[in-house]
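Shared chain: chain A. Partners: chain B in the first complex, chain C in the second.
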Partner chain A sequence: MTVDTWQIVAQGILGTLQLTAVGFALGALLGLPLLVLRISAAWPLRALARTYIEVTRGVPLIIWLFLIYNGPTQIDPALGSVFTSWRSAVLAIALVSAAYMAEIYRGALRAVKQGQFEASRALGMSRLDTATRVIGPQMVRVAIPSSASYAIGLLKDSSLASTIGVFEITYYASVASSNTASVTPFFVAGIYYVALTFPSAWAARSLEGYLMKRTA
Partner chain B sequence: MTTSPALPHDAIVLQNVEKQFGDHVVLNNVSMSVSSGEVVALIGPSGAGKSTLLRCINLLERPTSGSITVEGVTIQVDHSIKAKELAALRSRVGMVFQSFNLFPHLTVLRNISLPQQRVLGRSQAEAEERAMTLLERVGLADKAKQYPGRCSGGQQQRIAIARALALDPKVMLFDEPTSALDPELGLEVLAVMRELADEGMTMVVVTHEMQFARDVSDHVVVMSDGAILEEGKPHEIFASPSQPRTRAFLRAVLDRQ
Partner chain C sequence: MTEIWNDWLTHHDQLLGGLWVSLRLAFMALLLGLPAGLVLAVGASSRRRVLRGFIVVVIEIGRGTPALVMLQVVYNGIPVTLTGFVCAYIALALTTAAYTSEIIRGGLQSVPGGEIEAGRALGMSSFDVLRDIVIPQGLRIAIPPLMGFCILMFQATSLAFIIAVPELTSQARSIANNTFHYLNLFVIAGVLYAIVTVSASLVTEQVEKKLQRHV
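For the complex of A and B:
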């Protein structure tokens, strides 16, 4: 195992982090309107959101990557410059994450006691204030552990983006492996993934602990 | 509408209020009125519809039909209710719940100041000043910076009362305010409520505290099976209830106390 291998694979660390962070952040944002539709009083909206969530989660990420990366160019080859590897990967991860996050939010919403909604209504707070100042902050506390484990899973799943040529850890490991006919680069990649997930898990636990200490 | 605070007027008027959940009739054509400054105890066996009736007053529960008037704001429930009317009604009514329902993620001070800022548009300084005055009044000024989870049940309920009072309601509704508390913690809450009553606050209290109903209320309403069974002065109801159902209920609760 040469220093070279470590350095080559390390070139992908930033790519992995960026892809995961941007994809997850977009998914976490898109999950909010999706939650609103999912719990809407109008059943067609509920059905729409539910269908989106089930279909998006039901299809493996790698299929979404291929569909989003290759699909548009089949319609118009010029779209290839719009749907680059990076953009396609971010989009696929964001769309899939939105579905997972909406379900995490829904679970968090159900964990907030009914009395909190009633108290807010009885005080005359508007729906927006109730959502953003009373219910939302309480949902965040509940949603952190599951969001964190989802994000950590995503960090590893982002390796699938190597298949459409995103420059991340697994991509560099594959290239190095085929150049040297050795499995070592994948071993190195594995170590990098573990090294990245440890601090993330730790950060999530500290944040959760901090928020719990404030309210307990 | 102008009302003189010196002259008693109808603070709350419920007319032909009905509430059904599917086939189940929870409130069956209930009408009642509460004068300003009056303390009404709503008593009766569980399942009688007391809490539902109370929750209809600020429309936390929407009746199936009937009308509700609170301090000059009338809402006909069969018509669609405008958000503005609803806000006007709720701004006149404060509510205290059995389970306190303080916001666990906010400090005690913030629990009381946030609604004032959001609902009444008070400045933070103004809202916090008012919050501190009320906290002192319920004897909990030292808890201002704590989170509700650090307070006892009795303290939380007194904070909840302060939170409701901070919005200057004309009417206060109490939904079994002491039922979730140990007896001695209940006493501190009842003491605060007694003070409020003495100051002339219009109050409707759903309660199993017969002592409180007898000593503090001006009027007792006995409910059973979604209807008003009888009503009157506390001494009349407690000394000589006219309905056998009331007698049976009072005997059962008083024996236990």
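For the complex of A and C:
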């Protein structure tokens, strides 16, 4: 295991972190309107959101990556320059994360005691105020642990983006592996992933312990 | 739409063959991975500190390594030449063991401590307590999340295309590479995956409801 291998694979760490962070942030944002649709009073909207969530989560990420990256070129080869590796990967991860995050938010919403809706309505608070000042802050606390473990999972799933040529850890590992005809780069990649997820998992666990004390 | 349908008519044999390989792969990975997960779960709740520490490190490494990297390591790293299918089976089983051990451990821990003490007080050995009291009840609690994991593992078999296992994703990809009908083929593959996973998650939901009545 030469120092070289470590350095070559390390080139991808930033790519992995960027892809995970941007994809997750977009997904977390898109998850909110999806949640609103999912719990909407109008059943067609609810069914639409439910279908989106089930189908998005039911199809492997790799299919989304290929579909978004390669799919448009069937219609017009020029679209290949619009859906670059990086954009396709971010888009695929954001779409899938939105579905997962909407379900996490919904779980958090259910964990907040229902009486609080009625209580704040009875106190004359508007629906918007109830949502943003009473329910929202508590939801965030409940949702953080599961969001964190989802984000950690995403860090590893972002390795799939190497298959469409995004420059992240696994990509550099496969390049180095085929150049040197050895498996060492993949061991190195594994160690980097464990090194990235280990502290995040630990941080998520202690955050969880702290936050659970502060929910009614 | 009609174009997608035409592609389906032309290639459905190959695609369904791929789906069958995916299903078999998931089944094999779970067959080996789930018992290993149970062993790891029991080890991780052991009272011996050294053993526990060792198992926890193994689990964390297994969970921290992406399945894609695991596949590559097993495929390229084992000095004996194995077929892609066997390698995928081993790699996915390792991932399964690491992930399910945490799910099972959660189930085992939810068995009330009083029952364990009661068993010990009746003169049962700690192995008997584990086998007859903790595991049957703990596994039952763990069933819905384990089923959810099985669905995820079925999806993870799509990664095996990277080591040339002819499963659904790799079939769709090779057809698309020949015909340039990328959109059509990946839509079809996605629909096939969704049919399996969505119906499986509906079943899981039913099982969950049924089990909740008995807990």
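One rule holds in what follows: the second predicted complex is superposed on the first by the 204 of 216 C-alpha atoms of A that agree within 3 Å, B and C clash if a C-alpha of one lies under 4 Å from a C-alpha of the other, contacts with A are read in each partner's own complex, and residues count from 1 in each chain.
Here is the rule we use: contacts are C-beta pairs under 8 Å (C-beta built on N, C-alpha and C of every residue); 3 or more make two chains touch, one makes a residue touch a chain.
Keep in mind the model is a prediction, meaning the values are calculated, not measured.
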| item | value |
| --- | --- |
| Joint occupancy of chain A by chain B and chain C, clash or fit | fit |
| First (chain B), second (chain C), both or neither touched by A:R133 | first |
| Partner chain in contact with A:Y52 - chain B first, chain C second, else both or neither | neither |
| First (chain B), second (chain C), both or neither touched by A:T163 | second |
| Contacts of A:G124 with chain B and chain C, given as first, second, both or neither | first |
| Partner chain in contact with A:G115 - chain B first, chain C second, else both or neither | first |
| Chain B or chain C, by number of chain A residues touched | C |
| Contacts of A:V183 with chain B and chain C, given as first, second, both or neither | second |
| Closest Cα approach, chain C to chain B, once both complexes are overlaid on chain A (Å) | 25 |
| Touching both chain C and chain B, counted on chain A across the two superposed complexes | none |
| In the complex with chain B, residue positions of chain A that touch it | 113, 115-116, 118-119, 121-126, 129, 133-134, 137-138, 141, 214-216 |
| Interfacial residue positions of chain C with respect to chain A in the complex | 60-61, 63-70, 72-73, 76-77, 151, 155-156, 158-159, 161-162, 169, 172-173, 176, 180-184, 186-187, 189-190, 193-194, 196-198, 201 |
| Chain A-touching residues of chain B, taken from the complex the two chains share | 58, 60, 87, 90-91, 93-95, 97, 99-105, 114-115, 118-119, 147, 149-150, 160, 163-164, 167 |
| In the complex with chain C, residue positions of chain A that touch it | 54-55, 57-64, 66-67, 70-75, 156-157, 159-160, 162-163, 170, 173-174, 177, 182-183, 186-187, 189-190, 193-194, 197-198, 201 |
